[in-house]
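Each of the two complexes below includes subunit A, the first together with subunit B, the second together with subunit C.
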Partner chain A sequence: MTRCIPLSTGKPWFWSFAAAFGAWGLLVLFLNGRGAEEAITAALAFAAFFVIVGLGQMMVITLGPGNIDLSIPAVITLSGCVAMRVMNGQDAAILPGVLAALACGVAVGGFNNLLIHLLRMPPIIATLSSSFLVQSAAISYGRGLQVQPPQALQDFATSRLYGIPINAIFAVLLAATVGVMLTRTVYGRSVLAVGQNARAAWLAGVHVGLVRCVTYVLCALFASVCGVLLAGFSGGASLDMGQEYLLASIAVVVIGGSSVAGGRANVPGIWGASLFLFLLVSMLNTLGLGAGIRLTLTGLIIIAVITLAGGETSQR
Partner chain B sequence: MKLKTIAAPIVAALLAATPALADTSGKRIALSNNYAGNTWRQAMLKSWETVTKVAVAQGKVREVSAFTTAENQVTEQAAQIQNLILQGYDAIVLDAASPTALNGSIKAACDAGIVVVSFDGIVTEPCAYRVQVDYKELGARQVEYLATRLPKGGNLLEIRGIAGSSIDDDLHTGIMRGVEKHPQFKIVASVYGDWTQTVAQKAVAGVLPSLPAIDAVVTQGGDGTGAAEAFRVAGRPTPIIILGNRYDELAWWKKQRETNGYTTFSGTIAPGISTLAFWVAQQVLDGKQLPKDVTVPYLTVAQEDIDTVLARTPVGGVANVEYTQADAEKILRDLADAK
Partner chain C sequence: MFQSAILSQSVFRAALPAVTLILLLATIFTLQPRAMSVFGINLMLNLAVPIALATMAQLFIIAINDLDLSIGSFVGLVACIGATWLNDSPLLGVAALAACVLAYACLGALIHIRRLPSIVVTLGMSFVWLGLAVMLLPTPGGASPTWLRQLMSFRAPYVPVPIVASIIIAAAVHYGLMRTSYGTILRGFGGNPQAMRRSGWSMLRATMTMYALAGLFGVLAGLALLGISTSADANIALRYTLLSIAGAILGGCEFVGGRVSPVGTVLGVLTLALAGSALTFLRISPDWQVGAQGAILIVVLALRAAVARKES
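So, the complex of A and B:
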């Protein structure tokens, strides 16, 4: 059993950090040393959002073949809009706003599970269709609203502690919690067991349905946390704020060395992959290449990193 | 010449007095829209609804419907247009997912005797009408404005839209033309912001560490406050950021103006252009001969107008103008006169 969990023993996460470091190195080389620290600070601040949604997606994917959550962008948008609407720019209303957003996340996660469990829909279809419902709800509720966040929330989301962006600290703590949960708790071990073989897990007495339900709810909950933080960080919620997080959430899981087939999660890899994705785009932007070359290089470099990381695991 | 200027209002009055009631009152017009997930599109759909509802109530046309595809896919919109043909609409007004990929469906619609009017996301099929603003001019105008503010020139950061779209190409071409004309300006970096605040903020924050002092940011709209946030978080002075008429951008501008007298320029295509496209379709159904390309001015917001524009722009919306039938007729007439 422990042999199958590479959290402590394996090193598939190594490549994502190596890639992030490489991208940063090239960036610094290009900068002639100027702004190297700024680049890291920016990378930490923006990678944090990828990490928060990536952790949720990772747990869902770990549940085994076919499990994926496509409703993440819609949940980010809806919870961002709900939070901004409820807060309405008032510092006093921050807590109710956050709670309302988190409630949205829990509701969507529960709804996803309902579609998957009761209606026996494949997760990819279930979460895709619920994302349409959620996005439509956000559109009719928000109508393109970009309500300014309360000053206190905006200050908090963009603040720094000892020079480190506060949202990055939050994402590190969240990642550590998820890491401990996956290795040390019954629930976490059950997620891995279900992902490795759902039937065997069931025969061993794991409550597969409950584990799956909790995981989808957690994933949507993380997405709603991301929505609130992002709205605070970028000066308001908008209807397209979640858009780029669909592919990014899946990419950081795969680049980070978690198994797409499920059963093997990799928490540090999520951080490495998130930093890598941000630094890679920044580096190519800084080099000032044309759009076509940038996108092509992004694709090629990601393929290279995954091949390296995958080659490592297949030798086991 | 003089006679013409005197005669024009009289002709206009005559035209207005004999409305197109008899000719188009039985017609049905459909809107085919490929995307609804941002501020601008929401405002566009709202304008369409407001103006066409009145048009139907006044008996100018019989029925107006709006259809939006879910996934922003060309294939989906092509299928939608095929359906609209089968449903027997007399005119299709569309915001297209692609300038070329829908041409087959549009040709089929024209062959079925349907009037096709594209706007914003226009199509190249010759049988369709195109209602649009001159994005190249808008791009050049940004640099023109900066030349008046910074006669000595300086470093520019360019935020582009979505790679590969015709709007992004046109605005970029216009900006490059402006920079050629005013060589004292230098574009030191260019990033893609997808017309989205969060994406623009991330892209700008990523390149900022590598950049020298930035004097101004040229943009495509929907990315202004994202850029401002990136500069603020990085602890850099706020450059002159060109804005794109969004409510949050104007609200940010107003706040800056009150605290430090911030001055800039804001301009983009008004979402109400959908209503002009509607009237173009109605006029064509009415039997009017119109040019296939209808270019309208983009909407700008000047420093002294912020308060009035903000007051009449819905929270989270875009500064807008909606066209009445009379407005549309005047624009089309001016266009004909200019030719």
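So, the complex of A and C:
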């Protein structure tokens, strides 16, 4: 334990990639050495969705204690449904559909910020209650929805460039953008500053309210991007398509080495943790275990990884 | 002047959950006068008791500035244990339920010792509870022990039993947490952990106590739910996680500072439980039931914020 502390504080993302590599190694072992490459391709394709929502959640969590976005699953579902409805299976309507879905994301993000800022609601409750509203809207709007995604969107979401899934490339670019934004731009530096000490940041002239607003809107926007891609990838929208992304978005942030107390973000860790999460589940699947054991082991392994890698050093 | 402002604000905070509930009840009774009977209230609030117990479990966790995102799947697991082991071999069932409470206490110890974020640990545990429940009861089924079914379907002549049960739950937790000396110390750890540690109280012990209490109330919630629904399913109570957080906040609890209110919380739960019925009477599609709960949360917290701003 004493040995890994300096390592983990020096490169907090190291452990998430180590865990992902370990899960991949076991997976290949269980497959008797076959399908090692396919496993990586599939992991890249599926982990991309975790990465997209994880990046948004990471920025929100980085804003400091108490900041978290629980509305991500609802936004994914709503924007997936809206996109499918507007596109109505027509290639020509892809652009309006995407724009409508993104507009939903921006609207929900703005609404979240309104609740937090004007009504001074704790972010957990603000995003929780707006997710209740959004969820109902999605149920009401998506009732009887059985629209296939347009062929062009489906082709795009499942296409590959040099053998790499296109959505993985998109997620890498998005992660790089967020990484540069956090370290090189005024906005990104402000997010970190607010997360470390909101009052000090305010005294130093950072526009705390604006920074928070932009962050919540970006988080919801990423969730809606994920919703559209997911609907295109999996052949349509469904009312429970966002469900698993609540745990996933929070878990990848924490396993990836970002500080839950805020002020410290870690972009590469998001990728490592997302790959780990997907490979872990597929590893347990290959073992042919029952659903119950699989769920239990997933939970226990996530907690074990967090216990080993995470753990805040005393701050108060 | 300052003192009276603080006083009136705290009175308002305490009264708000009750006023919300009364307004909602008045709306329902105006729309459908026949609901204003013991039978009607029993029917509308039938499912409020397990939710109230689960919300109390959440309240214990919130009181020490943590959050439990696994209570819903935990309640589901308890219902599954009740419908299988507790029914077939009571001794094994009781042992399993005791182990559940113990697991909760250990969870508290882990979170405290390793300084882990409770949100993440409990989110992971929600998978564990759900997985165990699925292993125990892969398909919906099982049967509630007869005594439990009889207990939960007990109906008194002139008083609605769910209301009486809610009062008992609120009174018990209020006494234990707000009136006893150790209850005050436990809440103190939510207010200022450093000060409590320095005055010689063990934070580890307090955290474990609170988590064990949460586990205990989670067990009670699961059994109550099983008694009402008479059979179990692993997914039966997943909604309780978010509902319990909403109920606690609606009842005037705060996420930080150990500021909790058991009585207000029970009122908040009753309000959320009635939201669904109100929609039916208003002829709004059940699609919007969850949305209505969200809207109530927003309105109540908006009122609270408005008053707080005026007072300051």
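Points to keep in mind about this one:
Here is the rule we go by: the second predicted complex is superposed on the first by the 297 of 316 C-alpha atoms of A that agree within 3 Å, B and C clash if a C-alpha of one lies under 4 Å from a C-alpha of the other, contacts with A are read in each partner's own complex, and residues count from 1 in each chain.
In this section, a residue touches a chain if its C-beta (ideal position, glycine included) is under 8 Å from a C-beta of that chain, and two chains touch if they have at least 3 such contacts.
In this text, all values refer to a predicted model and were calculated from it rather than measured experimentally.
After superposition on subunit A, the partners subunit B and subunit C are seen to clash.
Legend: residue contacts after superposition of the two complexes on their common chain; A:W13 is shown touching neither subunit B nor subunit C.
In the superposition on chain A, A:A291 makes contact with both subunit B and subunit C.
Contacts of A:T307 after superposition on the shared chain: subunit C is touched, whereas subunit B is not. When both complexes are overlaid on chain A, the residue A:M121 reaches subunit C alone and has no touch with subunit B. Residue contacts after overlaying the shared chain place A:E244 against subunit B, while subunit C stays out of touching range. In the superposed model, A:W24 lies in contact with neither subunit B nor subunit C.
In the superposed model, A:G235 lies in contact with subunit B only, and not with subunit C.
In the superposition on chain A, A:A137 contacts subunit C only, with no contact to subunit B. Touch criterion not met for A:Y216: it reaches neither subunit B nor subunit C.
When both complexes are aligned on chain A by C-alpha atoms, subunit A residues 132, 135, 139, 143, 291-292, 295 touch subunit B in the first and subunit C in the second. Those residues of subunit C whose C-beta lies close enough to touch subunit A in the complex are 67, 110, 114-117, 119-121, 123-136, 138, 193-194, 242, 245-246, 249, 254-256, 285, 287-295, 297-298, 301-302, 305, 308.
By the touch criterion given at the top, residues 66, 68, 70, 115, 118-122, 124-125, 128-133, 135-137, 139-140, 143, 246-247, 250-251, 254, 260, 290-300, 302-303, 306-307, 310-314, 316 of subunit A touch subunit C in their complex. The part of subunit B that touches subunit A in the complex is made up of residues 36-39, 42-43, 46, 70, 160, 163-164, 189-192, 194, 196-199, 201-203, 205-210, 225-226, 228-229, 232-234, 246-248, 251-252, 314-317. Per the touch definition, subunit A reaches subunit B in the complex via residues 27, 30-31, 34-36, 38-39, 42-43, 45-46, 132, 135, 139, 142-148, 158, 230, 233-236, 238-241, 243-244, 278-279, 281-282, 285-286, 288, 291-292, 295.
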